[in-house]
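Look at the two complexes coming up: subunit A is in both, with subunit B in one and subunit C in the other.
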Partner chain A sequence: MSTAAPHERFLARHSFIELPARERARAILDADSFRELLGPFDRLKSPWLPLQGVVAQSDDGVVIARGRLGGRPAVVAAVEGAFQGGSIGEVSGSKVAGALELALRDCERGRPVLPVLLLETGGVRLQEANLGLAAIAEIHAAIVGLRRHVPVVGVVAGMVGCFGGMSLAAALCSTLIVTRQARLGMNGPEVIEQEAGITELDSTDYRLIWSLVGGEQRHATGLADAIVDDDAEAIAAQVRSAVERVASPRSEQVECFLERLAHIDPGNPPEPRALRVLWAREDAGGH
Partner chain B sequence: MEVLNFTYPARQPVSRRVHVGVVGSGDLEVLLEPSLDQHAHVAVTTSVDGFGAVWKIVLDRFFSRFAGAAAIEINDFGATPGVVMLRLEQAVEALRT
Partner chain C sequence: MGTDRSLPGRGLRWFEALTGLEGLLDLGPRTVRVADSRLGEEIARFIAVVPDPANRFPRARQGELGLEEGWTLARQLRRTVAEDRGARARAVIAVVDVSSQAYGRSEELLGIHLACAAAADAYASARLAGHPVVALLVGKAMSGAFLAHGYQANRILALDSPEVLVHAMSKQAAARVTHRPVEALEQLGERIVPMAYDVRAFARLGLLHRLIEGVNADAPGADDIQRVRGELAAAIDDARAGSRDLSARLTSAAARETRAASIAVRQRLTEQWDAP
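After this line comes the complex of A and B, so read on.
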């Protein structure tokens, strides 16, 4: 492989981004270990979308799968970015929260289950408002609970990215894996442009957007732990290696991040390049 | 949003269930499983109103080649007739493999 021409290496890749959520979960888990819970034929759909004239999906856009990671029991929650922007509603959010809570219960009983979140989501589903937000809060609580027992691994591959309340879920993970195509941020670029105007942020300027919230920048500034090519096997290998590491979650590195924020002048915020120097990975407390 | 129902005669039983597709822009999901009687039943939920006649043409053509006694649920988010046919063919292919 290493002697192959760059285009041959590129062609040999099996794109993870192009996979729908179910195939992503299958690609992460050990071969033939994928077993879906609450699948499409259970028809656990959103009761709220049809009331608002929106067609529901039979799995509400979240795939929960049990299986194995490097031979160890695991559970994967994969969000389908193509359905309603990967938005988290009452049902989809409860599926993720419920899966994580069951994993936590198993961990507490001495049967560790490795949780993996494949996040491709704009955040809460606006049509389901507080019900989605409540589920997202449950997801956050479950991640924090699980972290005491096992590493919680998050993956943001793209092209939706991970925004809103689910960006907090990503930030709470023990290890966060991104690709260069990923985006991670609180408010999405379109929302910022709509709220603060095009002079604040031009959401059509992709180079600018990715320089701010793209996977490469998030990794270079210590807000993501690993950056991987868009290759299903490379991402699966990175997940398998992440579950073997005991990581100190970013949200427990309070002093480190307060120190980093102290270097920022909000009246004169640094350019993306300057932030990489200011928040160089070496200073990120082990990240 | 509109819900449409169709019934077709069937000659062969369907032995398993398959799911393909996603309710994404210009796409649809198909849930295909054994029918409870000797007919094929299709329940379409579509985001685009007023295209019942087009759905009938697409499904008539599909069932001229497929004789399985299947209960098919389609959740559509504005797929073109070509995409609808591709997803149905994909479901039949998944049924065979």
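After this line comes the complex of A and C, so read on.
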């Protein structure tokens, strides 16, 4: 542990959030073990974006990298939040699904591969609508299959956050790591405002939105497993420790969550602060 | 269990028609209907998510998939797997007519994403445990609600009807998010297959096992019901004979054409997977 003053520790940090997806994947994997698959020179682009006047990108906004985690074989799928909001199209979604399917194949052959998902995504890319949704269903299928062999680790760092169908992928992970800058929710604030009205949610009220779906709230209510500072070393260390843990996936804890919901009065729902008491983490000494 | 005629209840109508209301299980919120009913030579578990104007969560009263719906689906599916352990794995039929996931502030706070994930997880786990899972689209199959209820099936069937819609987002919400008028979105759908909402366009993506034509989807007669039951039984047999993953979605002639990129990505990834 460092004994430096807080501001010195802050200055010594290497922001993870500021890194593009490729550098994020490199930062997670053991030093010098990064090897990208289907990189930009393979030129697998979206066939659908140019038809709608959008310039395609030669990696379609997803980086797949093989490498090692604590010396063990691993694969990282990192979504690039800066390209089309990290949206999942046919190619980017198939890159994630295909990488997870190959990891599963190797696990079934007795050669475990540790999967890590770096999620920075608004969900389905609307220009590829149904093919994005289909790929997301395949990603879910692969995560559930993989979890029977190895822990699947998800990271939501920010600033895009993780929404739509990919929020289900985050929820399916064995361990989910977030930062305070992360947001994790199913419906983007704009969509809730559109569907349910501005009295339900004002999509411009950022403070409210973070209080509902921000990383700190998700961690405090047990919907994320670990909260870390925006520091590449700290996040990589969390990932390395998460792959050693055998966790009981949250999405399998059916009776616990039905019991919790039974105690909620929808006519008088809890505020975010109150939920932190009701759903306090066990490791925080709650009840 | 009467049908409220004022509600758009295609899911409930088909659930009632296919099960004949035999073997109903009364376990939990009225929005999740479950029945063990005869289908051909076997008993299958039918599951539908239906509207309930008295649902205690107001954002899930019109057939949306809400917090309790997601977790209840997960409970019913996990019970199915537990009950059949060591015996023949029952077929599961998901009757799909879901307009969306529930949109709301409480829903986000209380983890609607996790509730939907729990249902998707339970469907996938049932499939991996050897249960043939067949989804029958009779109405809307939208977005996160479809991911939670139906999209993890071994085989997806759909009625050929203009009201059977599959998409990632409602037209109104998609219009707002993409800053386009609804009419412009509809025109795009005619030109770009994955952007379309109608089930005939969806069939061209190669994700459907069968598009069932010539059935009265709104008021099915005895012949219609018999035909659909026959299609379900055939899909169950096909699923039992096939693999437990979703790879069948990439092998049809339509998939080879429209999802060529999905296939190419997997081929190239496989080539590069192991270090040279």
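To be clear about the criterion, the second predicted complex is superposed on the first by the 280 of 287 C-alpha atoms of A that agree within 3 Å, B and C clash if a C-alpha of one lies under 4 Å from a C-alpha of the other, contacts with A are read in each partner's own complex, and residues count from 1 in each chain.
Keep in mind that, in the parts below, a residue touches a chain if its C-beta (ideal position, glycine included) is under 8 Å from a C-beta of that chain, and two chains touch if they have at least 3 such contacts.
These figures come from a predicted structure and were not determined experimentally.
Overlay on subunit A: subunit B and subunit C fit together in the combined arrangement.
In the superposition on chain A, contact of A:Ile192 is made with subunit C only, not with subunit B. Figure note: vertex subunit A, arms to subunit B and subunit C, all at CA centres after fitting on chain A; angle 110 degrees, rounded to a multiple of 10. When the two structures are aligned on the shared chain, A:Pro40 is found in touch with subunit B, with no touch to subunit C. By the touch criterion defined above, A:Glu80 reaches subunit B but does not reach subunit C. When the shared chain is aligned, no partner comes close enough to touch A:Met159: not subunit B, not subunit C. When the two structures are aligned on the shared chain, A:Val54 is found in touch with subunit B, with no touch to subunit C.
Using the contact criterion defined above for the overlaid structures, shared-chain residue A:Ile227 touches neither subunit B nor subunit C, since it reaches no partner.
In the superposed model, C is the one of subunit B and subunit C that contacts more residues of subunit A. In the superposition on chain A, A:Leu19 makes contact with neither subunit B nor subunit C.
By the touch criterion defined above, A:Lys95 reaches subunit C but does not reach subunit B. Superposing the two structures on chain A brings subunit B to within 15 Å of subunit C, judged by their nearest Cα atoms. Shared interface residues of subunit A, touching subunit B in one complex and subunit C in the other, do not exist. Looking at the complex, you find that subunit C touches subunit A at residues 56-59, 67-68, 71-72, 74-75, 78, 100-101, 103-118, 120-122, 124-125, 128, 143-144, 146-148, 151-152, 166-170, 172-174, 176-178, 188, 191-196, 202, 205, 207, 245-246, 249, 258-262, 264-266, 268-270, 272-273, 275.
By the touch criterion stated above, subunit A contacts subunit C in their complex at residues 35, 37-38, 42, 44, 46-48, 51-52, 64, 66, 90-91, 94-95, 98-99, 101-102, 123-124, 126-138, 140-141, 144-145, 148, 164-165, 167-172, 184-188, 190-192, 194-196, 200-201, 212-213, 217, 221, 223, 249-252, 254-255, 257-258, 261, 264, 266, 269-270, 272, 275. Listed in rising order, the residues of subunit B touching subunit A in the complex are 1, 17, 19, 22-25, 27, 29, 31, 33, 45-47, 73, 75-77. The touching residues of subunit A, when paired with subunit B in their complex, are 20, 39-41, 50, 53-58, 61, 80, 82-84.
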